[in-house]
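Two complexes follow with chain A in common, the first pairing it with chain B and the second with chain C.
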Partner chain A sequence: MMRALPWAYLLAAFVFIYLPVGALVLFSFQSGSLPVPPFNGPSLRWYGEILGDADLMEALRNSLFVAFGSSSVAVSLGFLAAYGLARHVLPGSVFARGLLIAPLTVSYLIVGLGLLIVLTRSGLGLSLWTAGIGHVVINLPLAFAIIYASMGAQQQNAERAARDLGANEAQVIGLITVPILLPSIAAAFFLSVTLSWDEFIISFLLTRFDVTLPVEIWSLLRSGLSPRLNAIGSLVFLISITVVLFLEILVFRRRK
Partner chain B sequence: MTRMRDRITGWGFVAPALLWTIAFFVVPFVVMGAMSLATMKGRTLIWGFSFENYAELAEKAYLWRAILVSLEITLTVTVVSVLLAYPLAWIIAFRVPERWRRLALLLSILPFWTSYVVRSYAWLLVLAREGVVNKALIGLGLISEPVTLANTRFATVTGFVHFFVMLLTLTIYANLIQLSPNYRRAAMDLGANALQTFRHVILPLTLPGIVTGAFLTFVLCIGDYVTPQILGGNTELTVPQVIMVQLGRRADFPLASALAIVLMGIVTLAYLASARWLRLDRI
Partner chain C sequence: MTAPVTLSDLNHWFGTYHALRDVSLEIEAGEYVTLLGPSGCGKTTLLSVLGGFVEPTQGKVLIGGRDMTRVAPAKRPTTTMFQDYALFPHMSLRDNVAFGLRMAGAGRKERHARAEAMLDLVGLRAEAGKRPHELSGGQRQRVALARALAVEPDVLLLDEPLGALDLKLRRAMQDELKAIQRQVGTTFVHVTHDQEEAMAIADRIVVMNAGRIEDHGAPARIYNEPATLFAADFMGEMNHIPGRITSQGIETAFGLLPVAAGGSGEATVCLRPEAMETGQGGVTLGPARVRDAAFFGTHCRAHLVPDAAPDMVLIAHLPAGALPTAGETLTLSAKPGDFLVFPKEA
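Up next, the complex of A and B:
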């Protein structure tokens, strides 16, 4: 009896954890028009419908554009800052590191609110670009922290050797630093992509006509439960999971 | 001279990230602070140095009610999540055979990656009057009429707990797995029973992991707009919901800014209260 208790708890925990995702995915294959029991399917009707929906597909493309665009900027800026702070002795570097990490301590709503005030006050419009700027603000600290943490002394020796052999700074970075740090750069990039892909509140505040997928889903929510939402939700989940598993295989397997 | 040049190139690398953070984070933040001291006369904004918005927080019941509701929900979520996650992390760390451990951990946090909006919608699906839980309870003969689960505080708390159990399982697991088994063996050798070992040895050693996870839970939970908005059913509003109401219908940016500053104040207090045990660098 006591021996079975941990397994019963594990089972109950997994039921709790997978209940919403399970219901989401199962009823995305519903053939009726309500995503509640009894299940009558399976049918691909709703997947067909969302793939033919121009607004949703537009939002999906916008989301991918913002996610990959903002992550590229965040990782590039984060890498350069990490390189500068790890490889050069700079006065005030503690302050610079603190400032770069600071946005992590503030909730997304507040980051979005601040940008919204500045953008509307200064008369600059809202667009996918402004949402992208917001995503760089929240992902830059993570990218910087991940890459900075992996810049050890070992790589520094390789960099010194290259420099002694006559490489200039750009060659050192391109031929030595980036290849050695590629796993953590990739980790920072894909983490940033998943966070941006799922992000809602900043996109909601900072976009207007062209919106990202979470914002489009939000506006569909007003019409209540629908298997369409299940289908699009399952698709979003599938894409996130693919990126996460890719990250797991690419980065963490290598480390062993 | 070379040192000077080294510094200039160094700052050259750091400058783009710093300028980005200053332009799009620090400046907006300062403007928001100034905005919280401005006032609205009708629909026009008047910059100034007034604490009117903050005074309003104390005077208007719907505003301080929101702060109370936010605190109640956040504290409930934090406590319940820790209590549910600890045994789960424990079982994965000490009961699951080693070769299945990584898989068990991965499985227990996989739905963490569903997007916020989709995850809350999925809970709405489960808790609706016609939803899975009600149908199951009726099927089992436990209830005869569907019970109202969605659009309540219970639904908001459930949605939050689901997310944070996964987060906390991860942070507590990371802490448990680092413990040397020698501590447990030593306590057992000295005559402690399982409960005493846990109470006097394991729990104090894992406290930093618990507090760090609980702090993250607190911060993310109190600042979230999506979960209470989708699952709470507008019967009571949290601070982020009130902020969004100010932004939308009334375009009252000063009051929204003041609320945001108050939210940050609460998070700062939570940080100070838990700073002794926090290990944020270990996340």
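Up next, the complex of A and C:
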């Protein structure tokens, strides 16, 4: 009895976490027009419909563009900030570090509203680019924190040796620092991609005509439940899982 | 490639800490010099000044006759072999060794050939494709040496290169370092706190203390005739006998020792443990009781309490064949030439 208890607990925890996702995926194969029991399928009817929907596919492409674009910028900036703060004695570096990390504690709603006010005041129109700027704001602190934490004395000595052997600063960064830190740089990148991919509030506030997938899903939701939404949700879930698996295989496997 | 080095009147401060004090030194081309001293004596700072990692507050560094005082490490004819080797973990040994040549603009074929020749020199040609983490400590050390020598520096700087190795490997690597230095002819400057290592390897030892050069010269000269009390103590065990300089000799608890010394006043008379002899001799120190003794293979090391000075403990290295027992009384003596005298500093 006592031995079964932990297993029962484990099972309950997993059911709690995965039942909603399971139900979502299951009813995406519903052939009727309502995603509620009884299940009458399986059918790929809704998948066919969403893949043929030009607006949805456009939103999916927009989301990927924003996710990869904003993550590239956030990781590049985060790396440079981490390198500067870890390798040089700068005045006020503790303050600068705090300021870089601080946006992590600010809610997405506040970040989004703040940017909305600044952007409309400055006369820049809302677009995918402005949503991308918002995602850089939220992902930069994370990228900085991950990369900064992995910069140790060992890389510093390797950098010193490279300089001693005639490398200039660009060669030190390109041939020594980045390759040694590649696992954490890749981790920061893929984490940024998944966060940006799922992000709704900032994208909702900062886009207008071209929207990202979460915003498109939200506008579909207003017309009521449909297995279409389940199919889109399953597709989004599939892409997120793929990125996480990439991270696992590419980054964490190699460390062993 | 090789070059002489001239250091003149170097002074360096880290904030208010005076790390180098009036350091001047001439190093000949092709010489193997060790900088020897305790932690914090300034030896690593001096090496960093040579390598260009620290710019001295005052003074000049000439390498091969050219002023290098304010030249960056990358532009100097020096390379450094770091204490923790600082190999590039993401590169094969071949690429590690070829890195300096790549920075100098050598083509892939040329630099790989040269890297393999250097790996051959340190006996690791067969491992050229491996990564540093697949190697043992001693092997990593050889790779670091090959990498530093591959760019044919005029001067190689070694920062406690053998510190992380176990004793047996360290002794083996000392011989190898010396042999490689003979072969390539480069000027080597080697920092260590191990006086045995310094003696085993160096043409010349520079003893440092508190930012100053205390003494420099051939190992035997420094061991037998050190210039200062500090150098005498740092080069090996030493017995200290307090005394006072007079015109006839030096007055000590053992009577008047017939040792010539300049100056006057308080002084410290020094005697190496292996200079202690038993029985009547040139200068007799009188009877002493054995406190304890141990067999060391080549000799027996004994602590003795002399009757003439019961609060003093002398260390003697006695012949290996005769292990004294505790409590036994021996008569100690030494040759007059083995005593060293240092006036007490004011």
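We adopt the following convention: the second predicted complex is superposed on the first by the 256 of 256 C-alpha atoms of A that agree within 3 Å, B and C clash if a C-alpha of one lies under 4 Å from a C-alpha of the other, contacts with A are read in each partner's own complex, and residues count from 1 in each chain.
Operating definition for what follows: a residue touches a chain if its C-beta (ideal position, glycine included) is under 8 Å from a C-beta of that chain, and two chains touch if they have at least 3 such contacts.
Small disclaimer: the values here were computed from a predicted structure and weren't measured.
Overlaying the two complexes via chain A leaves chain B and chain C side by side, clear of any clash.
In the superposed model, A:A4 lies in contact with neither chain B nor chain C.
Of the two partner chains placed by superposition, A:A170 touches none, neither chain B nor chain C. By the touch criterion defined above, A:Y83 reaches chain B but does not reach chain C. Of the two partner chains placed by superposition, only chain B is touched by A:D198; chain C is not.
Looking at the shared chain after the overlay, A:L225 reaches chain B, while chain C stays out of its contact range. In the superposition on chain A, contact is made by A:V118 with chain B only, not with chain C.
Rounded to the nearest 10, the angle at the Cα centre of chain A between the centres of chain B and chain C is 100 degrees.
Put simply, more of the residues of chain A are touched by B, taking chain B and chain C as the two choices.
Once the two complexes are laid over each other on the shared chain, residue contacts for A:A54 go to neither chain B nor chain C.
Think of it this way: put the two complexes on top of each other by chain A, and the tightest Cα contact between chain B and chain C is 8 Å. Contact residues on chain A toward chain C in their complex (touch as defined above): 154, 157-158, 160-168, 171, 175-176, 179-180, 182. Residues 6-7, 9-10, 13-14, 16-21, 23-24, 27, 34-38, 77-78, 80-81, 83-85, 87-91, 96, 99-100, 102-103, 105-111, 113-118, 121, 133-134, 136-137, 140, 144, 169, 194, 197-198, 200-201, 205, 214, 217-218, 221, 225, 229-230, 233, 236-237, 240-241, 244, 248 of chain A are the ones touching chain B in the complex. In the complex of the two chains, the chain C residues touching chain A come out as 51, 53, 72-75, 78-80, 82, 84, 86-90, 99-100, 103-104, 147-148, 151. Partner chain A is touched in their complex by these residues of chain B: 3, 6-7, 9-14, 16-18, 20-22, 24-29, 31-32, 35, 84, 87-88, 91-92, 95-96, 104, 106-108, 110-111, 113-119, 121-126, 128, 130-132, 135, 162, 165-166, 219-220, 222-226, 230, 240, 243, 247, 253, 256-257, 260, 263-264, 267.
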